[in-house]
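Right after this note come the structures.
Shared between the two complexes below is subunit A, which has subunit B as its partner in the first and subunit C in the second.
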Partner chain A sequence: MQPFSVFSLGRILLVSIEEDIDDRDIRTLEDLISTRVAHGRGRGVIIDVQHLEVMDSYLADHLHGLARRLRLQDSRVVIAGLSVPVVMTLLDFGITLEELEFALDVEQALVRLQTLHRSP
Partner chain B sequence: MKDLSEIDLDEGFLSEIINAITSGIFVTDLDHNILMINRAGAKMVGKTPGECFDRKCYEIFDTPMCRTDSCTCQQAVMKNSAHHGETVLHRDGTEVPIEFTSRPLRNYKGEIIGCVENFIDITERLEKDRIIVEQKEELLRKREEDIRHLQDEILELSTPVIEVWEGILTLPLIGTLDSHRAHSAMERVLEAIEQTRAAFVIIDITGVPIVDAGVARHILQTASAARLMGTKTLLTGVGPHIARVISDSGINLDNIILKGKMTDALQYAISRLEERKVRLQKVSNLIGSGRPVSLDEE
Partner chain C sequence: MADQLHILTLIIEQQRDIPRVRDKIKLLTRALGCPRLQVTRLATAASEISRLLETGFSGGKVRIALVRPDPEQERLELEMAFSGRSSCTVPAGPDRRARACPLDRKTLLAMPPLPALAGIFPSLQVEGGLLGAPLSIRTRSPLQDLSWGAELLDRIGALRRELFADTEESYLENLRAKHEEVIRLLRDAQERNQLLDRMNSELLQLTNDLEELAQERTIIEMSLRIADRIRNPATVIGGLARQVLRRAGLDESTVSKLRQIVSQADRIDGILHQFHRMAAERHNLFTQISLPTLVREAIQGCPIIRQRRVHPILAGLEQDIRIHANRKILRVAIVHVLRQAATATPRDGRIFITAGEEGQTVFLTVTGQDQASGREARACSGAGGPEGMPGQVTGLTLVRQIMAEHRGSLHVGKAEQGCRYRLEFPRTWHEGKAAGQ
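On to the complex of A and B.
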């Protein structure tokens, strides 16, 4: 079983990450998203991380890199559902994830993707 | 009243007096043989005077200093003066704390021939001391607890997070902001965001007299934290002095929307929320109607 699931909602890719995702799975997921977007299956990518109890710098780094690459592919990444402890740890480590966008939950992420596409 | 001279001061009478004393008294020779012990002393080791007589004192009392160089008798004889101390003796396997005094015993020529010791059971006193110490510690602990509680209370009072509108939180900061307070404010803002699902946080620093680079950084960090949760931060109440400090320190406030007054910030946030609501409606409709969500619709 993969520790993540990917759904297509029209041209939005909804990715849900499970708690026990490891470094190898992250790379698999990255490739998967990148390919899907390349096939025109995702103008916006929502990554739901509400199940994560910790986000290590490796995952943060990869999400950042993914966002940068997807921008080159004319797509955007919104991270949804970061919890307070995770946010506090990220800040303690000085990780601000400047290139990423965030939303409280998937619903808000959908709204966000809709808005910002109209006024790029 | 009888004249003292009428009393017969014989040996029997003296031993009566000694036996009537409630502290333990015993006499040993230089070889640790017990020459005499009173009733109270024998009772303290669970014996009668007869059972103790002519036995070695270290067998009867068995204290930690017995048969060592610190033997109280030896000390008293060596120093030729009284020797005080506290120790424990053993009575039927249980320990009894005692306080003792030893004095050298001389014969009529003035030669030291042994040692006189008197001792009392101090179990009760130690117990009382222990209780006093315990109560003192308890009191100190309680006071520390109270102080900590008050500190927490003050922290909480000084950083209230108020939901003034559905989806809008305000954090009116008043007083000096140190890093501890700023950190707790940040934590409370994040918790409030998670609870209320707020889209905007308005931080008002009208009531903060001094803002240095450190405070500005704390505010910025709160904004960064809020951003990670998908919430926008607005900053209001920046006076000319504070504006100068922030611009001089070169801190990047890109993640913060700056508004002059609280009312401006509220107006901005509310109008944004309205727009959002419309869009949310649209998204819900799209999902609800079973049509695929398309971002390129309009």
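On to the complex of A and C.
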């Protein structure tokens, strides 16, 4: 069983990452999201990481790469639910999540995506 | 000596091993009751270091253990000791994660994630990683609400079973890792034995030097004392015999006996001259020598400086400072002081060696940097610690004796970050000022 799940909310993809995602699953997830967006099924992607306890540079790099690619496909990525320990550790390790949008939870992420798509 | 309780050793060979290391750390730290932030930090650190080893050092292994740094206290720390399998193999390339192999320690310590680790773990230790040496990284993190004892051992036993439970492979890998560890321990023991052998040979050399010094001193003292005692009676006997011989009317037998007395008195005089020659020869061992040259020779002849990679910082040695000294014997004293300072100084640390002249005194100071914030003067006299040579204090007594022979003195005191040894020599010798004379 894959440690992530993907739901469609209209033209928005909601991806929920489980705690024990490994490097191979990260690559699989990245490919899956890219394919779904390429097929016009998402103008925005919410990645819910509230269950994630560790975000290392590998996952951060892949999220950053995904965001860059989706941007070229007129789609935005919003990371929702980063926990305080994860945020503090990201800062400790100097791991940056460029070109990504952030929201406290999925609800706020939805609002954020709608705002982003309304603005020119 | 810190107590250690090995928990788990994991092999890092492939990319898929990295999440496993991370997960084991997460499980372990959670089970040990660490706060969430600490769990996240330690698991992220384990992940980042494992990735560095996997991408740049052909993999390696991590040894996870509980450590009690001070056996007198209950405080516990979680230690993660990572060691790379080979020297650096990082390919230089355009990839964001690819970095060239470091050529110096500064570049090595700037490699991600090392700067971040240094901020998180104050006791971070990074060794090797340069010039073909495999990289090893050791981190320690304090654990709250845990104390060393039977209960902890039971708990760790259960934890081990849980951590091993997922795959049989873990067991095999751990057996292999333990086998490697036994080999490493044997190698360490062999290196320590070699070090002991070296120390023994240094001690033997020191003993020989001491004996030589004592022998020289005994000979000269005996020679001068005997010469002084015999000179006057021999002169009187010879002189009187000559006077009597000059008188007329002595029979042949008396003249013959008087001539024998004169001849024996002359022979005694000859022996006295030999004693004086011996004294002069000994005196010749003391010549005008260059102190900076002698100090440089002593640095070369002090192996512990190289072994501990201690950097000597020299000042004032570019001057031509000359002293009246026995080169061979004084070198023993300077080597001993250097060894004393280098032993108390941490690896890759510095010792400061300064020479100069103050009025009628020539001085040489050697200052070490130990990890304490300065020691009391008395503690400095016994500096060296457990890794030092046995008999350090005896060695300082020898140094004092040698300095007395040179009509100088040794002063031991505390410096800002260690101990300072100051050797003082008179610029010119004055009769009867030497200690013990």
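Convention: the second predicted complex is superposed on the first by the 119 of 120 C-alpha atoms of A that agree within 3 Å, B and C clash if a C-alpha of one lies under 4 Å from a C-alpha of the other, contacts with A are read in each partner's own complex, and residues count from 1 in each chain.
Just so we're on the same page, a residue touches a chain if its C-beta (ideal position, glycine included) is under 8 Å from a C-beta of that chain, and two chains touch if they have at least 3 such contacts.
Every value quoted in this text rests on a predicted model; they were computed, and no experiment measured them.
In the superposed model, A:Glu107 lies in contact with subunit B only, and not with subunit C.
Touched residues of subunit A were counted for both subunit B and subunit C, and B has more of them. After overlaying the two complexes on the shared chain, residue contacts for A:Ala80 are found with subunit B alone; subunit C is out of touch. When both complexes are overlaid on chain A, the residue A:Arg43 reaches subunit B alone and has no touch with subunit C. In the superposed model, A:Asp22 lies in contact with subunit C only, and not with subunit B. In the superposition on chain A, A:Leu9 makes contact with subunit B only, not with subunit C. Of the two partner chains, subunit B and subunit C are each touched by A:Met88.
Shared-chain residue A:Leu97: touches subunit B; no touch with subunit C. In the superposition on chain A, A:Glu53 makes contact with subunit C only, while subunit B stays out of contact range.
Shared contact residues of subunit A with subunit B and subunit C: 83-84, 88.
Within the complex formed with subunit A, the subunit B residues making contact are 187, 190-191, 193-194, 197, 199, 221, 224-225, 227-231, 275-276, 279-280, 282-283, 287, 291-296, 298. The touching residues of subunit C, counted against subunit A in their complex, run 15-16, 18-19, 22-23, 26, 36-37, 39-41, 43-44, 47-48, 51, 96-97, 112-113, 115-116, 119-120.
The part of subunit A that touches subunit B in the complex is made up of residues 9-12, 43-44, 79-80, 82-84, 87-88, 90-91, 96-97, 102-105, 107-115, 117-118. Against subunit C, the residues of subunit A that register as touching in their complex are 20-24, 53-58, 61, 83-86, 88-89, 92-94.
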